[in-house]
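Next come two complexes, and both contain chain A; in the first it sits with chain B, in the second with chain C.
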Partner chain A sequence: MGDFSQVETTEAAKQNPEYAQALTDLLFQLADDDFILAYRGSEWLGLAPHIEEDVAFSSMSQDMMGHAVMFYEMLEQLGVGKADDLAQLREADAFRNGILVERKNGEGDYNTDPHYDWAYAIVRSYVYGLYKQVRLESLLQSSYTPLALVSRKMMTEHRYHLMHWQVWLTQLANSTDEARKRLEAAIEKVWKDAGELYQLGANADAIVRCGLIAGEGELKQKWLTLTQGIFEKAGLVWAGEPGVPEQRGRHGQHTPELAQALATLSEVYRIDPAAGW
Partner chain B sequence: MQTQMERSDLTENEKMEAFLAKIDRGGKIEADDWMPDDYRNQLIKLISMHGISEIMGALPEKEWVPKAPTLRRKLAIMAKVQDEMGHGQLLLRVAEDLLAPLGKTREDLMNDLFAKRLKFHNVFHMEAPTWADAGVIGWLVDGAAIITQSMSLDTSYAPYARALHRICAEEKFHAQHGESIVLELAEGTEEQRQMLQEAITRWWPSLLMFFGPPENGTITSNQSANMRYKIRTQTNEELRQVFLKKYLPRIFHLGFTVPDETIHFDEEKDQWVYQQPDWEQFKQIVKGNGPRSAHRLNLRETSYEETKWVRDAIMSYGRHVG
Partner chain C sequence: MAQEGMHVHDGLEATCWELLQQVTDPEIPVISMVEMGMIHKVRVEDDVAHVDVLPTFVGCPALEIMKKNIAAKLVEADGISKVEVQFVYDPAWTSDRIVPEARGKLKSFGIAPPPIDFKPGDTWEVSCPYCDSPYTQIDNLFGPAACRSILYCRHCKNPFEALKPIY
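Here is the complex of A and B:
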């Protein structure tokens, strides 16, 4: 991280245009990652393998949506725009989430003939969750005090999510042949996108220079070490260096799956964004 | 200390007498207590239907969860529908204990649902085509549910009573959640008000049907048996009147109407006089032939079948480590 001195308030952040821009760019990545994956989680509602899991998964998606809201509200306080507008009125190319979180849950629409892949849900949630853990730990040292504070709060909830996904990973890896095969296929699919998670986008240098978060190299190393340990403990073959998707989500390039998700999640709000809902 | 009911040397008739005397004294029955088969069957029917209705009831709202219009509404409706699933879970566990002596499990309930042998509430067979429907479901359907469930808070079957106490407490938040959506729309633009009026109109017959046919209706009902067993304390019509008295003035106060031009309050009889919904249609709906029955059953059945490998894996893991 850079040696930027601590920025205690929103007002102080706004004083320095370079700092404010770097902070804004980072916050969009944080907000959009959680927002889109929470949306994908909400599409699973009523479709999980058993009712207990439906309740648990839904609870975690809510937490994640809650985190996204906190990040969007920080952007609102910075004067970037109204939180609801930021979440629902931007076009896909303004989103800075990684491609991994925007991928569909499986074939079909959430409401019409969904054929969702539970193995993919587990692996995606866990791999993203492990990166989020590393990211939140780094944010505890962020030069932007409000971000450090909010990250501490999120970590207490996030810890339980990781425990949940670890149980799933261990169970599926050590049960039936079919589960093992499905799990391995899901890991392969997730791994093709996972190498983008720790990227910090076009403004990466400034983000790090401003002391907002650790550099990509450090984030990557910590995340890979953590993930490798967990996968090997579950008896899974380590997949090695993660791939990067064709589109660069942190630069605003996305798959049509994001545009479709945005159209769905903003459908009602867009009827009349000026109205009260 | 053994109570008279638990003594094994009593005849079935004596056990039955002791059972009825106990519930008449306000005594409560626990899962392991002796109970007449008929009582057990009534409970299984009631509680499994209630439980599965909570689960199927998540599906119409599920349609609106990803689309909720603001971040706050997104959080609120996710929490709300999660609660409904949690209620389903709680109730199915109560039903499972009752089913256990019969050698049946949750899987049997799911299969009964798919085969349309296990019914769920009429309201959850209906379409919910707009965001206003999500509001009306929270406000009026949950409001109706609170009325029927509150009646059973003092039910003679203790495990059901305990589940209902928790459920009712949460349902009150749901009704507030629904009311909040409805009020926002009611105070909103012309388009929003119209959306709300259409939803109220659409849900009206279903809301009347929710409480079930009146005593003299054309469908035989288990009301009397359930009242004798102290599983419930009020008739369908009494409950419907409670609902009408509570909600009709509110609907009118907001400037909305219901699709019944002759509806009026009879001061002398102290009740609302309304046009009966089509009870023949009701019968069809709860049989699984409502407008969205097939769609929602298909949604649940497909996901249940396609995640069978997951449940198998959990069982297998349990055997490995257990």
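Here is the complex of A and C:
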């Protein structure tokens, strides 16, 4: 991290344009990652393998949506726009989430004939969750005090998500041949996108220089070490260097799947953005 | 901080704390937000009460309801005409903030209280709130509210809930 003195308040952040811009760029990545994956999680409602899992998955999606709200509200305080508008009225090319979190849950559509991939849900949630853990740990040292404080709070919730996905990973890895095969296929699919997670986008240098978060190299190395240990302990073959998707989500390039998700999730809000909720 | 020219009322603040004893978490109606350790600070400046609240879970949908309930309760006090509720994250709420007297009330409501002074790596052992048996199992880490898990007592054969250790 850069050598930057602690910025205690929103007002102080706003006084330095370079700092405010770097902070804004990072917050969009944090917010959009959690928001879009929470949305994908919500699309599992009623479809998870059993009722207890339905409760668990929706709880985790709710937590993650809450985290996204916190980040959008921080953007609102910086004067970027109203939190609800930022979540619901931006076009896809304004989103800075990684491609991994926007991929559809599987074949079909939530309302018509969903044939979602449960192994993919587990691997995507866990791999993202492990990266999020590394990211939150780094944010505890962030030069922006409000961000360090909410990260501390989020970690208390996030640890339960990691415990949950750990149980699933171990069980599927040591279950039937079919389960193992599906799990390995899901890992392969997730791994093609996972190398984008730790990227910090076009303004990466300033983000790190301002001391907002650790550099990409450090985040990558910590996340890979953590993930490799967990995969090997579950008896899974380590997939090695993760790939990056064709589109660059951190630069605003996305798959049509994101535009479709945004159209669905903001459908009601867009009818009357001024309505009170 | 009080601005120059404003009047800070210590007496009114004590009244506010008393009134807040009557505001409960809508999902756990037996204990107040004060007993939950969620009220961090109360300050009265002129006729405005400022309340700093520590959320238990960031995305808890009950937070907005609690905010409204706090405002509705505090305007009952003579001398308070406006209430500003703010969620703050320093200090972070942990389950150790729940006051000792509230732990028994949680049990009587069928919710096992969280362990005290829980540390990373500790094993979460839960006794049944009905029969005190330690012979319980976790059915689901996640329950009907973000802060609770679902358990089953293998001794008295009752399902019950437990507040998660938040540390």
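Rule of thumb we're sticking to: the second predicted complex is superposed on the first by the 276 of 277 C-alpha atoms of A that agree within 3 Å, B and C clash if a C-alpha of one lies under 4 Å from a C-alpha of the other, contacts with A are read in each partner's own complex, and residues count from 1 in each chain.
To be clear about the criterion, contacts are C-beta pairs under 8 Å (C-beta built on N, C-alpha and C of every residue); 3 or more make two chains touch, one makes a residue touch a chain.
If you're wondering where the values come from, they're calculated on a predicted model, not measured in any experiment.
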First, second, both or neither for A:243, with chain B first and chain C second: neither
Superposed model, chain A: greater residue contact from chain B or chain C: B
Contacts of A:195 with chain B and chain C, given as first, second, both or neither: neither
First (chain B), second (chain C), both or neither touched by A:118: first
Touching partner for A:60 - first (chain B), second (chain C), both, neither: second
Contacts of A:69 with chain B and chain C, given as first, second, both or neither: both
Partner chain in contact with A:81 - chain B first, chain C second, else both or neither: neither
Interface residues of chain A shared between complexes with chain B and chain C: 52, 55, 59, 62, 65-66, 69
List of chain B residues in touch with chain A within their complex: 55, 58-59, 62-75, 78-79, 81-82, 85-86, 88-89, 92, 131, 184, 187-189, 191-192, 295, 298-300, 302-303, 306-307, 309-314, 316-317, 320-321
Touching residues (chain side chain A, partner chain B) in the complex: 39, 42-43, 45-52, 54-55, 58-59, 61-62, 65-66, 68-69, 72, 83-84, 87, 110-116, 118, 171-172, 174-176, 178-179, 182, 264-265, 267-269, 271-272, 275-277
For the chain A and chain C complex, residues of the former touching the latter: 52, 55-56, 59-60, 62-67, 69-70, 146, 149-150, 152-154, 156-157, 160, 163-164
Of chain C, residues touching chain A in the complex: 55, 57-61, 89-90, 92-94, 139-144, 146, 150, 164, 166-167
